[in-house]
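Both complexes shown next keep chain A, but they swap its partner, so chain B is in the first and chain C is in the second.
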Partner chain A sequence: MAKIESAFFDLSYLDTLATGKTVIHRLDPRIKVLTAALFVICVVSFDKYVIAAMLPFALFLITIMGLGGIPAIYVMKKLALASPFAIMIGIFNPLLDQQIILHLGSMAVSGGWISFLSIVLRFCLTVTAMLVLIATTGFNSVCMALEKLGMPKIFAVQLLMLYRYIFVLIAEGQRMYRARAIRSFQKRRMDMKTFTHLVGQLLLRTIDRGQRIHQAMLCRGFDGTIRTRQTLRFTLRDLLVFCVCGILLIGMRRYNIANLLGQLFMEILS
Partner chain B sequence: MSHHIVEVQDLTHTYPDGSAAVRGISFRIHHGESVAVVGANGAGKSTLLLHLNGYLTPQGGTVRIGDFPLTKATVRDIRKTVGMIFQDPDDQLFMPTVYDDVAFGPLNLGLPSEEIEIRVQQALVRTNTEHLRERPPYKLSGGEKRAVAIATVLAMSPDILVMDEPSSNLDPRARRSLIELLAGFHHTKIIATHDLDMVLDLCERTIVLHRGEVKADGPTVEIFNNAQLLMECRLEKPLSMQGCPVCGTSTSRV
Partner chain C sequence: MHMADALLSPAVGGTMWAATAGTIAFCAKKVQQDLDDRKIPLMGVLGAFIFAAQMINFTIPATGSSGHLGGGMILAILLGPYAAFLTIASVLTVQALFFADGGLLALGCNIFNLGIFPCFIAYPLIYNPIVGKNPTPMRLAIGATLAGIIGLQLGALGVVTETVLSGISELPLTAFLAAMLPIHLGIGLVEGLVTTAVVSFVWKARPEILEYAAASRPLGNLSMKKVLVALGAAAIVTGGALSWFASSFPDGLEWSMAKTSGKEELEAPEAGIHHALSGIQGKTAFLPGYGFKKNDTEPAAAEESAPSWPAVDIGTSTSGLVGGSLTLILAVVIGFLFRKRSQVK
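Presenting the complex of A and B:
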């Protein structure tokens, strides 16, 4: 449970980061959502053996993190936490694809290792992009931006509610877990039977709470649609930033900047 | 609406599992009155409150709020008139920020945006919570949550306030500021609670429920001095009316 507890505090930390006032924070959320989406599309659309051409994207992200004041350690911790998923996806590539496609000095590298690295790199880039998006925008503003961009309202509201009550749910789960832990003495592991009771209990409490929340909403005139205030303002500066980022991202996707730089460097040397 | 009367007549309610929670309750509350509903656990307080804002419709008997009898058709008007404050503020604060939550009701009423701004501001000032405006509700303390929950209801400008255990889970200071806040309201107030000391401070009239029936209905001080009645209904004299355990003297409230 220690893990869940720390994850809980990390979530609040993400919120704290989002209250910053840097250049990146001040941009319109819609710009940031669109740029992040473009970023992800560019990264995942690379060919499976590509590594070098993706590196400029990392540079792009690092720049934004620097401007937005997002601590790198925090992002790295989150990446490490989620990395097993990416590693599981790519781990068999080196076994399945043993064709040698690259020689680093005397060491031969198979296609499988290259594609595995490529997967891990993609994972790092996309997950970091999303973390940076939320850390500079705030979850609520991201939802609002998505809604403004045409996502059905019901999904936006669903996401907002999920985010609002995840804290209550975690606190509830923690209390139940502690209540079990202090009465189970030496028996440290939870057996299946206790676990099912605990989860079932949590579900029932959730349903009860859902009912009470619905009741509270009805009391204040809820009629099926949730209305939120509209505070998003789109300025010329936002448009400019979006254009620059868009051109930059598409350029980095289209041309292998790392390669071009390398060639330039070699030419200067020769 | 000139008179904000709450009238309940022979109200009965039986839950699907067969337990009769409310068995023929009748009372009439007039404009501006402040009434406490007290009783043991399971006496029917919560079920009664759920009828007052139209979450439950009467199975037997009638409920009249102001000029309307409570039916499916009038439920929307009644909810505008009656502001309900829940026991657990986490149930009531469901929006991402305090501002959004307070604006939720007025937005649903379809008010113009300047009016919403005014109402939200007034409600926040009234409950001393302007500084919490942009904060997410889950980061507030218990007392702050309660104050914001009251603000969300005030923003709807109800005539009648219905509260379920407003002083529960509050530290003494937060409880005191809540009592001061409520004492400043001129709404008709109906408060269900176990906090009998708060009742002494806030309500001139008390209704005692026992096993789904009205056991007593009258001036608060009179009821709290009836030791026999309190014992029968599993209640106790408020602490401030009991003798001091240290010096042995009784306070002047009796």
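Presenting the complex of A and C:
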């Protein structure tokens, strides 16, 4: 139950964030999608033992989160919730790769720990990038942008339809779940038989709903083709922002900014 | 089960993306061609249904742990493979964007693992031949259970292959396989049983729904030949995509090559490019040379990294550490500044 409620909360919360009016929100969705893609590609293309050179990317993300008004606490919670798979796979690295490649004072650090940290950092960066994209853009705009960028229209329509009815069906599932919980004296666990009946019932209702929606669409003149409203406008400012972000990202990928900064700092000190 | 961006190399992720995007385009075309337009809203709500159903947990008999529905097979049975594939892809996209399950790059892998295997392998090659045109409860049970198991096994195999090929994780192929396949055998069995139960429930309550689905599914008589041709085409596309990535992301591929060559002795012809590229990488990467751990198969790389191997160049790593910490501090400061600003507002 907690799961279904938190899913509901996540969807509506990210939706609320996406209605913001900050500088980032006002950018064209296409450039945000492309920048996010470039960001992810840059991050994952780093060598597996890289840590420091990835940190500037975090800086980039935090700047955007700040400008876009995305609360850091929320993002951190999501990261913690989503991390088990990456951590579970990554945690084997320190066990399997014990070659010492770094000495911190007297402490020797094995390659495995470095690559594990690198995996965790990659995970944080890529997941945050995606959350920031959706929280500053909104799902509908992301779909429109993807359609403009060449995604098949019917898939765009499918995504929009799905998103529209997720809220309805989660609420319906939640009601059924609650009804069962009330009638079973709060018995927490559900056996498979009850589950299949509940889900089967939900499925039947869903199919009926699909038919009703189809009839409603026919009433409104649906002829088999879907028309999506286009409101995207690509301005010079968007182009400029995209170029700046692109140059920044590629620059951060090519040059180890953290290292350069460190060298500069040490030179000033000495 | 969801792949994460963090474990993927750009070459593997990009290839899977290309393969998945191609399949989506192909399915979109198919669905548009022989669609009775009732399917458009139905696909949408069924996707949302899968979403809601996945949130409801049940107790797995005899284990005490809890599981939830995957739903790929149910969609394939109700919608036919093309529409089902689009629906699964859309569900995974929303999950990636909103729940951080997987990631942007990993989306290609995830759709491939959880969509292509159930829709284009398990459904037409296992479920359909077993269940046939006139389903009986027995046939339905065997078909759905087997298809569920095999679909998930293939999916797990996909996850393992993609992770190992990417080379970010150190897990060796055999150990990873030995862990993933049995777990997913169990998960697949449960998934198959639940699929069977839900489909039989629908069949008992409203048999016309399944009949409608069977009648209108365009892929009802998918031949083995077509599947093979499609798989062949996918392989060619994949190969093409891989070589494209080789030219546009030299260092990403380069280090994955280095990784494989360390293990599978893929040497001589690459040495020239390799040397040049490792030079570039040495200049650009923090902890240069660490990509090449076992240098015995790569003379070119060995020359470069051997001198610095036992004692890491202190200067570089210190400045890396200092710079890294500075960046972190800067990040925190920026974060606080923004917070302050929003509080002032």
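Keep this in mind: the second predicted complex is superposed on the first by the 268 of 270 C-alpha atoms of A that agree within 3 Å, B and C clash if a C-alpha of one lies under 4 Å from a C-alpha of the other, contacts with A are read in each partner's own complex, and residues count from 1 in each chain.
Heads up, the rule we're going with is that a residue touches a chain if its C-beta (ideal position, glycine included) is under 8 Å from a C-beta of that chain, and two chains touch if they have at least 3 such contacts.
Please read these numbers as outputs of a predicted model, since none were measured by experiment.
When both complexes are superposed on chain A, chain B and chain C fit side by side without a clash.
Once the two complexes are laid over each other on the shared chain, residue contacts for A:Gly20 go to neither chain B nor chain C. Between chain B and chain C, more residues of chain A are touched by C. Once the two complexes are overlaid on the shared chain, A:Ile213 sits against chain B and chain C alike.
In the superposition on chain A, no contact is made by A:Gly246 with either chain B or chain C.
By the touch criterion defined above, A:Thr228 reaches chain B but does not reach chain C.
Of the two partner chains placed by the overlay, only chain B lies in contact with A:Ser12; chain C stays clear of it.
Within the superposed three-chain model, A:Met161 lies in touch with chain B and with chain C [touch as defined at top].
When the two complexes are laid over each other on chain A, the CA centres of chain B and chain C sit 100 degrees apart as seen from the CA centre of chain A, to the nearest 10. Chain B and chain C never share a C-alpha pair closer than 7 Å once the two structures are laid over each other. Overlap of the chain B and chain C interfaces on chain A comprises residues 139, 160-161, 163-165, 168, 209, 213, 217, 222-223, 226. The part of chain A that touches chain C in the complex is made up of residues 3-4, 7, 10-11, 14, 36-37, 40-41, 43-53, 55-56, 58-59, 62-63, 65-67, 69, 72, 78-79, 81-82, 85-86, 89-90, 92-93, 96-97, 99, 101-104, 111-112, 114-115, 118-120, 122-123, 126-127, 129-131, 133-134, 139, 142, 151-155, 157-166, 168-170, 172-174, 177, 189-204, 206-207, 209-211, 213-214, 217, 222-224, 226, 254-263, 265-266. Across the complex, chain A is touched by residues 1-2, 4-10, 13-14, 24-25, 28-29, 31-32, 35, 37-38, 40-49, 51-53, 55-61, 66, 69, 74, 78, 86-87, 89-91, 93-94, 96-101, 103-105, 163, 167-172, 193-194, 197-198, 201-202, 205-206, 209, 249, 251-252, 255, 281, 284-287, 290-291, 293, 312, 316-324, 326-328, 330-331, 334-335, 337-339, 341-342 of chain C.
Of all residues in chain B, only 50, 53, 55, 76, 79-80, 82-84, 86, 88, 90-92, 94-97, 99-100, 103-105, 107-109, 113, 116, 136-139, 152-153, 156 touch chain A in the complex they form.
On the side of chain A, the complex with chain B involves touching residues 12, 15, 139-140, 160-161, 163-165, 167-168, 209, 212-213, 215-223, 226-229.
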